[in-house]
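Right after this note come the structures.
Two complexes are shown next, each including subunit A; its partner changes from subunit B in the first to subunit C in the second.
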Partner chain A sequence: MTALATAAAPDTRPGGLLRAVGRTHRTALVLSLLALAAAAVALIWLHSLGDEARAGMSACSTPPTAGLPSCAAVDAITADETYRNGIFGLATALSWVMFPVAAWAGGALIGRELENGTAQLAWTQSVTPVRWLAVKLAAPAALLTVGTGGLLLLNDWARGDGNPNLVGDWYYPDTFVSTGPVAVAYALAGLALGALAGLVWRRALPATGVSLAASLVLHGVMERYRENLWPAVTRTEAGALELPRSAFQVAWSDVPRGGVPLTRATFHPESHFWPLQYVETGLLLAVAGTATAAAFLLLARRLP
Partner chain B sequence: MTDTAIEAAGLGRRFRRRRGPALDGCAFRLPAGSVCALTGPNGAGKSTLLALAAGLLRPTEGTITVLGTTPAAARERLAHVAQNKPLHPQLTVAGTLRLGRDLNPRRWDARAAERIVAEGDLDPDTKIRALSGGQRTRVALALALGKRPELLLLDEPMADLDPLARHQLTATLMADAADRGTTVVMSSHVVAELEGSCDHLLLLGSGRVRLAGPLDDLLAAHTLVTGRAGDALDPHTVVESRTTGRQLTAMVRPAGPLGDVLQGDRPSLEEVVLAHLRSPDAPPLLLDAREAAV
Partner chain C sequence: MTTTTTRARAAVRPVSPPRGLLLALLRLHRTALWFWLGLVAVAAAALLWALGPGADAAWAEYRGMGCDGGAPDLGCDLPGPAFFRYETTVTVVIGILFLLPTLTAAWAGGSLIGRELESGTAQFAWTQSVTPARWLAAKLAVPALLLVPGTLAITLLHRTLWTSDHHLMRVLAWRAWYDDGVFEANGVLATAHALAALALGVLSGVLLRRALPALGVAVAAMASLTSVLDDLRPHLWPTPPGTPSLMHKHPASHFWPLQLVETGIVMAVAALATATAFLVLRRRTGAAV
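Entry: the complex of A and B
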């Protein structure tokens, strides 16, 4: 018995369980790979459209002068409109990855399996429940990290020089989420919240609803309080104050003091992009980690 | 190796605090290699007991030992077929068997599993969702037997099968169990279904063990007596007694010779089980349990 177990030890790698998870969630795997391919193709196409789009935004004069093209010629270029719509659409899609992921994780990945007993079927094979959950979470997490991360890089490349007139200002909610590591953290938080909801409710439909609702709340709270995640800069000046376009304005007040108009502006300069990204990513990963730990704890407590 | 397949002591399981327990103070011992019929009315706790033995539930009180260890540690050596025969509907029959191979890398016997599927004339490329209830049962049993378990826990295994398939699958199960010394626990509320194939009986009633032990010993311990109304049944333990007109019929556990007045008859399994189900207050009879709570 011992000799047999030792001889067969190489077979206990998680390969079998991984194959089993891939096989039982093949539809989700195929759909997510198709979505990934579609987004990648769209971004490559948008990149190829970039130069023409930027030409459509250039300064012009009527009649044309030596340095500037004619305004009629610039107006005739429609690529900038297409490019802008495409970039905004993909930014929204990237920042919403969390919602389908959470719904799927709560419903199909965990909730439905507990509801119809296929989870219990797996646990009475030679697989411990803890390893079952670990592989079920690790496989989609790896896929989401690589997929979303790859799309982030492609998105950055497709956005070219980042002209805010074409691709939006850095602090637009969708733009902010879709241009930094926070996009990956959102997807992972969605996965973890979905898994936890699935384990708590143990039924597909309520788990889908709850994980979707939790993700919407998390996404909304983060968007609302993003400006507080890093200390903002305050500038006070007498008279009129003009902030640069790249400033993410938090508060604005005109206080006349001693007859002199005084303007106080609180804002995030563009250099705060990375600190804000890191803090938000950290918070989301903390949510994901807590939800994952709670899911494992719940599973371990329920089973002998 | 141990000679005990399942041993329970004071085993209890409660699902909601307000509701009564599904299982309460169960104590029994099932020797390895036996084929045990687990029976009882609906809601008696049969499925709960099987889920506890399979390590799918944590007991709220008491202990259950399976194959000499905890159910969780014996996971690899036992198989459980739940009442609703859960399978992935989107997989094909062959895909389901591949799942068994992937999840049991050290034990899988593809030939045994494929043979059971082939006996039912199932096309390996059919999706599980396209199968009938009985065909699903066959695939679920193939998955369970392909694992080569030492303990096979079957929850209402034959309920969906037509008589021919039932007969054939029971024969396959029993041949396999006899060949490999597998312990089988099979639940059913149809007693007749179990009588031919089992050598052990566990009767549950409202969460408690009512009868436990080898089938022959349990049958031998009971006598169906007839006499005249008013005849004393002392000192025998009365399970159930009925008076029809001037005739008395009773199921007793004789404490000694019946005497001249009463006429004794050997009861069938069904009669013994029904007598216990009709009189829930009859004392339990637990044979060969080490910690029998008599």
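Entry: the complex of A and C
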């Protein structure tokens, strides 16, 4: 293409940068689409297994009575084990999306380009550094939001009625992260932390390591302090105290008072699921926003 | 420096090339070296703390709650802050051992081999008195010699903690000997995993010759190996007749048979990966090896 043609049509290809990002990272794109497809197929398959799995968990009696199936027949159903393992495996996979995303963003998306000088080359070609970073962040962020969000909905659908004996209680760390909007927020926080690490270190391998470490710390801290993100309920009773089945127990104490033990239990009832999700999502998006702002500031300061 | 002095020095000190290679390797990867030494120090300090003051404080708290009488009490399943400090400390150590194979594979694939082949510093080194085979041997031997004592020290300390007469985690039944993390931390398996990760990382670096793809493939390979072995573990030694092949159906006396069979498999994978890496390098570099 001659300089004349370029000058004549400066805005006819606004997607050029986007296409360049997609082409450079085609391996990552193909791999993540394959992972997305595999997870979606697995969730659809698990959903189809759901009814049989729930039958394998049903109450039974020996010999069989009018309302209940025989225990031998219920024991013979193995679908519940397969279903449970599948649901738990996908919950873990969904709650760990952040780690590969952060490593890729730090290493391949930003760090390598700054190390090799391909970023600096791109800035001489009709692309401003700010726009370069914006597209590099926006395109993966859009894909991650759609992909993780879609899997989240499929996961909720595959979990059926959410029987805690079959698919785990709502407050299990991986279950909690994989059943609400925090899953998307974790992925976005991973992307932003990776981009920031890439801009700070400007080298592929150290940036990969640092962004992975930062994500591990963030994930671990959130898991440890999740129970403090919303005020818990305290119930005090004399004698034996029984919490509801799906209570997320935070603290428990028995104090003998006048011969009768006084039990004090602090817990989150299941209705705290959404407040806890919203607070954690807000915190993670704040981390992602701060990291993104810091990345743009750093880029602006680095430029002559 | 002139050719004459180089030749003269080489003649006077024939042992200098391996030492030079060793020094170059340690200098190049000094960040990783310090990171590893720091990681071992943190894990060892955490376990020593848990063995001494940590356990004492947690037991004092447990007794203070009247829990050692044997009477069932729901409150005793969830002791106070001293126990949680102890629990968190042991979890951190098990977490370090869990992450070690991933970190080793990533470093070996990306930093140790992939980056050098991508940027051409390896090819440059081969023109300087170091044969490719020797270069690869040093890259495998030095990290292995650093990984083995460090990992063994952590596992020995963990084993001491686990077999000490008052291990809270076992008394409260929060962990069992056959849990993945505990099983690996109590024997030689953690060390075998680290060596297999090194070998798989080196192989993927030699095969892909680029830092980031080698890093990704090495991590994926090691993660698949670990997850396959976790599923396979209960089948590695026969359970008592009439019981299904599940970890909790094994008596505790099966610890060493299970541990040694799995270690054998992991070491075989490591040896195979190492041999393949040497073969690939030899084919690439011709008869110069």
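Here is the rule we go by: the second predicted complex is superposed on the first by the 291 of 304 C-alpha atoms of A that agree within 3 Å, B and C clash if a C-alpha of one lies under 4 Å from a C-alpha of the other, contacts with A are read in each partner's own complex, and residues count from 1 in each chain.
Throughout what follows, a residue touches a chain if its C-beta (ideal position, glycine included) is under 8 Å from a C-beta of that chain, and two chains touch if they have at least 3 such contacts.
All values derive from a computational prediction rather than experimental measurement.
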| query | Is A:L36 touching the first partner subunit B, the second partner subunit C, both, or neither of them? | reply | neither
| said: According to the stated criteria, A:T124 is in contact with first (subunit B), second (subunit C), both, or neither; which is it? | reply: first
| request: Once the structures are superposed on A, label A:T27 by its partner contacts, choosing first (subunit B), second (subunit C), both or neither. | output: both
| request: Check the contacts made with subunit A and report whether subunit B or subunit C touches more of its residues. | output: B
| task | Classify the contacts of A:Q249 with the two partner chains as first (subunit B alone), second (subunit C alone), both, or neither. | result | second
| said: Between subunit B and subunit C, whom does A:L17 touch in the aligned arrangement: first, second, both, or neither? | reply: first
| said: Applying the document's definition of touch, where does A:L205 land relative to subunit B and subunit C: first, second, both, or neither? | reply: second
| task | Considering only the touch criterion stated at the top, classify A:A108 as touching first (subunit B), second (subunit C), both, or neither. | result | second
| said: Can you give me the overlap between the subunit B contact set and the subunit C contact set on subunit A? | reply: 27
| request: Can you check the complex and tell me which residues of subunit C touch subunit A? | output: 31, 65, 73-75, 77-78, 88, 99, 106, 110-111, 115, 211-213, 215
| note | Within their complex, subunit A touches subunit B through residues 4-5, 8, 11-12, 15-17, 19-20, 23-24, 26-27, 116-118, 120-128, 302-304
| Sites on subunit A touched by subunit C in the complex | 27, 107-108, 112, 204-206, 208-209, 216, 224, 249, 251-254, 263
| note | In the complex, the residues of subunit B that touch subunit A are 51, 54-59, 70-72, 75-76, 78-80, 82, 84, 86-88, 90-91, 95, 98-107, 143, 147
